[in-house]
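These are the structures in question, set out in turn.
What follows is chain A paired twice: with chain B in the first complex and chain C in the second.
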Partner chain A sequence: MKVVTGVVGNDIHVVANRLIDLSLRARGFEVFNLGVNTYLEEFFDAVVETGADVLLISSLNGEAEGWSREVKPLKAKYKNLDNLIMMIGGNLVVGSGDAEQIVPKYKNYGFDLVCHQIDLNTGLDWLEELIEKRNLK
Partner chain B sequence: MNKSTSQGNDKLLIDVGSTYFKVSTADSIEQHFRDFNKDILDDLVHRCGDTIDRFDKDDVHICSSANGGLSTLIIGVTNSFSLKYATNIAFNSGINIIDTILYQNIEEYSIPSDLVDVVIIVGGIDSCAGIFNESLYNYLSQLNYSNVVFVGSEQDAPVLKQNIENIAILPNIIDNKLHIVEEHLKEYLTNLYQQDIEGKEDIKNLYDITANQIYSTPYIVNKTLPHIDARYSVVDPFILLDIGGATTDIHYSKDLVDDNLVTENEYDRMVFKKLGVYKSKQSLIFAAQNNEFVYELLMHLKVTENIFNEQSEKATRILMQLAIFLVLCKISHYRKAYINLKLLAINSIVLTGGITKVLTTEEIEDIVSFFYKKILTSDHKPVVVLDTNYDIWTLGAKG
Partner chain C sequence: MSLLQEEREIILSNEFVDTFDFAEVTEFVKNASKDLFISHRFKNSDKMLVQPRGGFPTYKKQFALNEFFVEANVDVLPLTIDSNTRLNDYATASKMLRLSEENDVDMLNGYPLVNHGYRTTRKMITHFNKPVSLRHGTPDARLLIETAIASGIFEIEGGPITYLLPYSKNFPLDKAFLYWKYVERVCANYSELNEPINRESFGPLTATLVPPAITIVIQLLEMLLSLEEGVKSFSVSFSQTGSMNQDIVMGAVIKKMARYYAEQINCGDADIHLVYHQWMGAFPMNKDYAEQLINMSTVIASMVGADKIITKTREEAAGIPTKEANAKTVANTQYTLRILNGLPTIVDEEEEEILTLEVKAIMEAVFNDPADTLWRKVFNSIKNGIIDVPFSPHIINHNEMITIRDAKKNIRIIKRGNVPIPDRCYEYEKAQCDLTKDTTSIVNDIVHDIGIMQ
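Let's turn to the complex of A and B:
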C-alpha cells in the first residue's frame, strides 16, 4: 500500500517526518516522503503520480488550519482522488486546543483521520483499522 | 586562399539566428542582418565568404536558433511532477514549448493548428499503471505532429505502443522517489534537433562549410554558463537574458528557484515564445499593452504609446527596454509562471544577443531598477553585465 507524506506549508519541523517515514515502512507501507515545506498541490500531485491510497499530512508549527481550509476546493479540481484516505496529525491548532472541537472541524475540511497531538503509533493503528474497514488490504 | 592560417585553436564560429547571424574568429566578430531572399548559406558566403574560405571545415563550428528550433507539446498528469519535469528537460534541450496539457482535462483543450514537431507524453512512476486511455488517443488523432515520445510509467508503455503509431518509448523521467531523470529524454530531443536540421534544406546546406555537428544555440549557451566567470566577473546567482528577434531565452542559476526539481544542472533555461523585437514585435507590443505598468514605464522613458507604430532606431530601443521589463515581470511572483525566480536574490543580470549592440549598460540598469521599484518595491540593484562580444556563445561553441 502506497502512502504520500510530508509536512505542509512553510513548516520545517523535520523530526516527526523522519519518524513517520520509518514507522510506515516498518509497518510495510511503500512511502513517498515529500519532506518538510510541501504545498498542498504537491501532495495531491504526488498522489496522482504514484497512485497512492493514503495521504498523510503533518503539521507542527500551527499552520495546519489555514492549509486545511484549502483542501476541499483544491481536491475538487482533481478527477480521481475520491477513494483517497486523507489523514492529518501533529499540532493542529496554535496551543493545545480541545480535541472534541478540533476533530469534527478537520473532518469537515475533508480529512478521514484527524490526530491532534496523538502519538504516532496510535495514529498509525487507526490508519490500519480504517484500511481494513474499507477492505483495501 | 591558403588555409594554413587556420591553425591551433583558431576556429570560425557561426551562429545563425532568426534575424541575424554572427561570425566570429579569434580576432574579430561580425554581425549581419539576414537577407531573407537568400538561402542561409548563400547569404553567409555573400557577406563573409573570404573569412569562411580561410578555414578548414574541421575548424568551423555552427550553431543555430533559426526557425525557433523544434516545437513540443507536453501532455502530463500533474503540474508539480510530470509536466514540470518534461518542461524543464525540453527547455534545457533547446526546444520550444507550444503548450502543456494537464491530462485529466485533455478534452477541454483546443488543438493547436500548427504542426508540432514532437509530442511528449508523461505520467506516473513505474509502479503506477492504467493512467492513460481513449481520451489521449482521441486528442492525438486530431493533432498534427511529426514525432511522439512516451517517458512515463513503464507499465503503461506497452498499451501506448499498441495504440499510438510510431511512438518512441524511453525510460521514465520520474523515478521511484519522484525525482527527475533527465538524460534519456534530453538525448532524444537533441538528436531530434539534429535530424530536423538535416531535414531542413536551408540549414543542411551549412554542412558544406563545416565538418562538425550543428547544435542549437540555447543548448550551447546553457552548456557554457558554468564557465562564464572565465570571461566576466559575474556573481552567482545570476540570470542571463537572450532577447532575440523571435523569442526570449532566460537561463538562470538553480539557486533562484525553491523547488522540488532537483537536477544536476547548475543552470536551467526557459523560453518565452513570441517575445522578441523583430519577428515577434507585434506580440511583444500586445504583451506590453496588457501590462498595467507599461504606461508608467513609457512615461519614465519619455515617450508615448505612439512609439509602437514607429519604425525607427529609437522605437527599437524602446521595444528592447520593454522586452527586458516584460521578461522580468514574467519570471517574478507578479505573474504566476512555470517557474518564478527569487529575483531579490539575483546578484548579476547578464544580457547577450543583439540587444547588447543597441542598449547601453546605463539604459538597462535604468529599466532593471524601474522593475525592482515598481513590481518588487525594492531598491535591489543587481550588476548588469553586457556580453557585447558574444563571449558566452564563443566560449560554448569552442566546446
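Let's turn to the complex of A and C:
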C-alpha cells in the first residue's frame, strides 16, 4: 500500500515528519515522503505520479487550515482520486482549539481522518482500521 | 583586478548599500582596536569566554541590550541577524525595520545589519569595544559578511553545511559552498591587515539526536574548507548531547582531530578553538528548571575544556528572551565559572577510540571521493549519504541514519545507512541499546529521547 506524506505550507518542522515516515514503513507501507514545506499541488501531483492509496498531510504551525480550504476544488481538477484516503494530523489550528469543532470542519474540507493533537500510533491505528473497513488490504 | 575583487564590487553595489568605501574599510580594519578581535582575546586569556545570543531590530534596542550585557560582565557580544536578511530579502527587512522604529514593536527577530549599514553599526561596535560575534544562518552571506567586517565584527559564524542542512529544504548546496568560499577568502584577506578574523562553525546542526561522529566530521570539513582559503583562526563547536560522558569524549576527540587534519593540509599554524553550546534542544517551560539546566551545561563546558560557551536563557521555552533575562544568564554563567575549581580529569579511552575510528573512517570516505576539490568531495558525500544528518529538512540529506539514546543517555547509531561506520564501532553502538523492541516502541523512545530535558 502506497502513502504520500509531507508537511503542508511554509512549515519546516521536520521531526514529526521523519517519525511518521519511519512508523509508516514499520507498518509495511510504501512511503513517498515529500518532506517539509510542501504545497497542495505537489501532494496531489505525487499521488497521481505514484498511484498512492493514502495521502497523509501533517502540520505543526497551524497554517493547515488556510490550505485545507483549497483541498476540494483542487482535488476536483484531478481525475481518479475518488478512492484516495485523505488524512491530516498534527496541530491543526493556530493557538488553541477544541477537537469537537476542528474534526467536523476538516471532514468538511474533504478529509476522511482528522487527528488533531492525537498520538502518532493511535492515528496510524485509525488509518489501518479504515483501510480494513474499505477492504483495500 | 582579481576575480574576487570584481565579485565584491558587484555584491557591494547592491541598492541597499550606501556606497561601500573599500579604501576606508581597509584602513579601519588595519587600525581597529585589538579588543575587537576574539582571536586576540583567545590568545591572551585562559578563561572560558561567555557569549549570549541576542538581536533586536532597532539600533536603540540593540544598544540597550549590549549595555545590559556589559553590565553583566560579558566577554563576547552577539549580533543575531533577522530572518529576512538571512534570506537576502533586504526590502522586507527595510520595511519591517521602519515599522519597528515607528511603532516601538519588534517586527523582526534580529538586527537587519545590511539595512542599518556599516557606518551606523560601527559606532555601536567601537563604542563597546568588545569582540562581537555574528550569528545568522545565511546560505548566501556575501553582502552580510562584508557589512559585518566593515562594522568591526571580527567573528563570523556559519558555513555551507551547518547553515544549510538544519535550516533549508531546497537551497542548492553547491551554491552555498561557492558563496561561503567567497566569505572565507574575504575573511582571510582581512586577516592579513591586523589580528585574524575568527570563523566559527555551527556544531549543534539540528540539535536533535545528532551522533558525535557526524557532528565532528562536519566541523572538521568546514574547518578545512576555511583554512584552505587562508583563514588563520577557527572555532569548532558542538552542543550538549544529554550525556556528560559523551560530551567529554566528544571534546577530547574533536580537539585532537582538528589539530591532526589541520596539519594534514599544512595549516598547522592556524589557531583552533573549541566552542560549547548550552543545551540546544527543547527546554523546560519551568523557568527555574531552565536555570538548573543552564547551570549544568556550564559545568559540562568546563569539564570539556571549551574556550567559549554560548548561553541560553530561562525564557528559552517561551520565545525571544528579554534583555534582562539574557543578561542574567551571562552573570550566572560567569559566577558558576568563577566558583568551579579543581575539576577532575575524566578520560574514557574505549569511547574515545570508537569515536576516533568512526570519524577517521567517514573522513577517509570523503577524501576518497573522485572529485577534484574538497568542496565537491564534501558535496558528493552529502549527496550519496556518506554524511547523513538526523532530522535535516533538506532534500539532499539522506535520512537513512537512525539514532536513539542508550540507558546512560548517550546518542547511539542503530542504523548507519550509507555512513561508513566501521563494523566494530557499529556493533559496539548497537550493543549499548535494547534493540529487541519493535519499531513502534523505538519511535516512542525517539520522541522521549528528543524531549529528555523537558
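Keep in mind that, in the parts below, the second predicted complex is superposed on the first by the 137 of 137 C-alpha atoms of A that agree within 3 Å, B and C clash if a C-alpha of one lies under 4 Å from a C-alpha of the other, contacts with A are read in each partner's own complex, and residues count from 1 in each chain.
Here, a residue touches a chain if its C-beta (ideal position, glycine included) is under 8 Å from a C-beta of that chain, and two chains touch if they have at least 3 such contacts.
What you see is a predicted model; the values in this text were computed from it and never measured.
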item	value
When chain B and chain C are modelled together on chain A, clash or fit	fit
Contacts of A:32 with chain B and chain C, given as first, second, both or neither	first
First, second, both or neither for A:45, with chain B first and chain C second	first
Partner chain in contact with A:23 - chain B first, chain C second, else both or neither	second
Chain B versus chain C as contact partner of A:12, first or second or both or neither	second
Touching partner for A:80 - first (chain B), second (chain C), both, neither	first
Angle at the Cα centre of chain A, taken between the Cα centres of chain B and chain C once the superposition is applied, in steps of 10 degrees	70
Least Cα gap, in Å, left between chain B and chain C after the two complexes are fitted on chain A	5
Footprint overlap on chain A, comparing chain B with chain C	none
Partner chain B, residues of chain A touching it in the complex	2, 30, 32, 34, 41-42, 44-46, 48-51, 78-80
In the complex with chain C, residue positions of chain A that touch it	12, 14-15, 17-19, 21-23, 25-26, 35-37, 120-121
Sites on chain B touched by chain A in the complex	77-82, 104, 123-125, 127-129, 174, 177-178, 260
Chain C residues touching chain A - in the complex, by the definition given at the top	167, 169-170, 206, 208, 390-393, 395, 399, 402, 438-440, 443-444, 446-447, 450
